[in-house]
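Below you'll find the structure, written out as structure tokens, and then a few comments.
Read from first to last, the chains carry the letters A, B and C; within each, the first residue is number 1.
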Amino acid sequence: MKKNVLVLSLCTAMIAAAFTTPAHADEAALLQRIEKLAAELEAMKAELAANKQKTENVAKTQQQLSTTVAENTAAISTAAAKSDASASAVAMAQTGSVSGPQTVISSYGEINYTRPRQANNQAQTDVARAVIGLTHRFDEKTKMVAEFEWEHAVTSKDDQGESEVEQLYVEHEIREGLSAKAGLFLMPVGLLNSNHEPTAYYGVHRNFVETAIIPSTWREAGFGLTGTHDNGLTWDLGLTTGFDINKWDGTSTDGSQSPLGSIHQEGQLAKSRDLSMHAAVNWRGVPGLLVGASVFTGKAGHGTTDGVANDSRVTLWDMHARYNPGKLDLSALYTRGTMTGVTALNQTLVGQITPVPSSFYGWYVQSAYQVWKTDRYSLTPFVRYERFNTAQSYTDMPQGLGLTPAVDQKVSTFGANFRIGEGVVLKADYQKFQQDSSLDRYNLGVGYAF
Amino acid sequence: MKPLAPLSLTALMTISSSAFATQYLTVEQAQQSIFPDANHFAPLPLQLNVEQMKQVEKIAGLPARSVAWRTIAAYKDNALLGYMVLDDVIGKFELISYAVGLLPDATVKQVEILTYRESHGFEIRNANWRRQFVGKTANAGLMVGEGIANISGATLSCTHVTDGVRRIAAIAQVTLKK
Amino acid sequence: MVYFLCRQKTSCALFKTMNLFRFATANRRVTHPQFHRQFLTRVAMAASVSLLSACGGSGASSNAGSATGVDTGMSAAAQVGQKIFADVTLSASGKMSCATCHDPANAHAQTNTLSVQLGGANLDVPGTRAVPSLRYLDKTPAFAFGDDGKPVGGFTRDGKAPNLAVQAETPFMAAHEMANNGRADVVAKLQKASYVNEFKQAFGADIFSNTDTAFERALFALQQYQLEDTEFHPYDSKYDRFLAGKATLSDSELRGLALFNNPTKGNCIACHISTKGKDGSAPLFTDFTFDNLGVPRNTLIPATANADNFDMGVCGPDRADLAKRTEFCGAFKVPTLRNVATRKVFFHNGKFNNLRDVVSFYVRRDTNPEEWFPLAVDGSVLKFNDLPAAFASNVNVKEVPYNRQPGMAAALTANEVNDVVSFLSTLTDGYKP
């Protein structure tokens, strides 16, 4: 014990000397000082080793604590006796702990139960999503991100599930505040698309505006540039694949559920004659506040032989804001999309149930407040009102064949998220559809993310 | 004692000058920023005993996690200005290195981010966000949602950093407070 | 091989010149092979056309076929098949070839207005079904039962033949068609044909040493001719141009298309697909399934004089293998509607002879059955009189537009029927703006 204190004070003195005394021109004195520093290095090495181990463990027992303390004491006492300092080992240990784990597996999943209020026989439970994510850091500046997803539990020729690659890109930091990525990545649009884990949003099902209008989870393949500034401003620019108007199926209802969702390519043998551009700006200068906007535009005809919509263009823009200073969490979003150059296409689809819309839009406001919280649990009720229209306007058609725009859908959602720890959430909500009350439904869900 | 190899010497210098390419601040720069009046800094190897760890857990609401904490004391001549504690937490995928500057009465003076590599949540480095920590103790106001605002899109990062600051403030309260 | 090579524009010019002579002697556009008389005009025509025509349209897609049908690059088998198709000597009468009833000038279907044609040795034996068009059959799949248990595909009106080659044997032997005495009979006639050397070149000098092989090669040649010659699938109707954005439909035609597509009005699109495929392929106006329309009995067909005689399609009696599947009695193949406006008689039994009546029948069959079916002595309508009473329930009464009752308004008004008819006229090949 005495030895411990002696060594400890010796080390302190050494380190103090190292930081404050100027270097001596005298070689012998220099060597002596170096040897002292070597001893200090041993102490630091032991400390770092212990520190690193503790960083990895979360749970601690009394046994572990006392063992660690004893270990530290022993390490410090042997340090003084050691003459060979393996300083490079210390340097490597330093590097290892500063750069963190090289390969990280992440995951999120959600299981939902839905019961229409007026139709018991349509109650349904679904493993909506199971996702595994992989991040691997090659070096300080370069990493790759991958995300793989299974929807609806089972995928086969006879089943309705889907398995897909949601993200697959590499990212490289060009310099501080500027990074570039290439591959299949999420479009920086809206509030939900980049932040779509079940623990990140309120309500069992993702909101309609950001599924029907902004086709979350929306990803494209191409290049992107991201810049961040100290004043809280983040901007994104990108050149990627876009939509394919030739996928529009007038005989299916997919296009009226989500116009862009029915013609997205998702990096699957994606036609790339016509590329799309996007730009996004987000400002988080004030703590708790996010304000942002984005725009995405690109042609969608791809020069198809005998194509009737080769000049068609899809454009989507959005504005969003989120204010989450403490217990209160307010969000608002407005988005609108247009498809131009589809007049001739709609003539060929005349009489079919789903013509191509010229514009579609949606907005919502959402308010949540954390009413109860303990160390581990929290309860946040919320309310959301959304209004959207997947066919707000149509192209002109000859007399007698005019297309009637759809009616705005209005949906109110009331519910609560119950958080367990950091990564688990239980959800319950009730959704009221003003246009068609036969769609009113109760939802329960469990989700996790890590 | 054997003379050290030149390699070791270089590595030694590397450690004390901390010139990693992606670091925003070195340890020296951080301590200088937090205590601009200080004219010398002394490392203070901090070790918690079992009793102290229990107390920290009680105050912070979090396990104390480590026995040893890298601490540097700042002095102006012989007067103690305060302490700087260095720590690392994982954001979502990546390690975040940060430093908490504390006054001798264990209130937070300043928080600095040394390295940040996550793809989202750079706003943690904004002075505005870090200013929220100033003047608080572990007893109140150092929790996301209660005194510290969330950063949209980087909830995990700012929660972990906030928890880290609170833990360090509690440790300071238990061990360093005069 | 040669045919496919020509799809690439670069090889085109080469094959065009190589085959110029061959096509100068081609037997095209004839109702009756008297090419010696028309030889010179055809040489001139072929020469000028092959110099002018685009090669094979646009590469992979067969949408824009060659303007006049002069095809370059058919395989040797297909070229022989073309000759066999038009060879009247291969029949008992010596006056009937495939082309006699399947006239290339009229969408490869009949040009007369008979419900059923007359064949046999003296061209006096009546058939039992109307002549179908041979156009746009190249994408028809073989007969099978789909996932929903319903039949899909196959050739002829009951899906009996799995492919065009097998189908071609029936007319050679049928008593009411070419009435040959068996394969040997046909092969013997083949050996006396003017193009027998071409046949030997295509299939081997000793091809005739085995009768069956020779006959089957002849069937194969006929199949290849129908598959390879773009004259059978030119995709150059006004509707095709419209789909490519290169033509506009008149108001009436557009209204007709709208009614055709609308699932609550005509709902024709349910079986007669009018949309491009997911791979961009042009619509064929059939989904290759079968439907039971309860078409009225056509007493002009001599066989119907026997009250017990019923042509029931998929369950027989012409087709023998599915006699037990009585749920399909009365079901006939959904034909393509391309060139429907050129037809002289409609439905499997040729009951109708104008398109307007046909479209009206779809929408008024159930609201006004007395317009279509005979009345019994007590005044009631003998609905679905071309099916035994036991199978009358097989008739489709669930799908729009034949899901209505007497007294209700028909799904289409008379004007709307006219619009649909004018739209159907845009499906005729050989549109010239």
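The rule is short, and it goes like this: contacts are C-beta pairs under 8 Å (C-beta built on N, C-alpha and C of every residue); 3 or more make two chains touch, one makes a residue touch a chain.
Here the structure is a predicted model, which means the values were calculated and not measured.
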| item | value |
| --- | --- |
| Furthest chain, CA centroid comparison against subunit C | B |
| Chain closest to the middle, measuring from C-alpha centroids that were averaged per chain | A |
| Inter-chain centre distance, subunit B versus subunit C - centres from mean C-alpha coordinates, in Å | 83 |
| Separation of subunit A from subunit B, taking each centre as the mean of its C-alpha atoms, in whole Å | 27 |
| Rounded Å distance between subunit A and subunit C, as computed from the means of their C-alpha atoms | 57 |
| Of all residues in subunit B, those that touch subunit A in their complex | 1-4, 7-9, 11-12, 14-16, 20-24, 40-43, 45, 47, 49-50, 53, 61, 63-68, 70, 88, 90, 92-95, 97, 115, 117, 119-120, 122-123, 125-129, 131-132, 145-153, 155-156, 159 |
| For the subunit A and subunit B complex, residues of the former touching the latter | 8, 11-12, 15-16, 18-20, 31, 34-35, 37-39, 41, 43, 47, 50-51, 54-55, 58-60, 62, 65-66, 68-69, 72, 83-88, 90-91, 94-95, 97-101, 104, 106, 135, 137, 140-141, 145, 171, 173, 176-177, 179, 191, 194-195, 200, 226, 228, 230-232, 234, 284-290, 322, 324-327, 329, 370, 373, 375, 422 |
| Contact footprint of subunit C on subunit A as seen in their complex | 246-247, 249-251, 304-309, 344, 347-353, 398-401 |
| Complex contact set, residues of subunit C against subunit A | 58-59, 61, 63-64, 242-246, 248-249, 251, 254-255, 257-263, 265, 269, 275, 278, 280 |
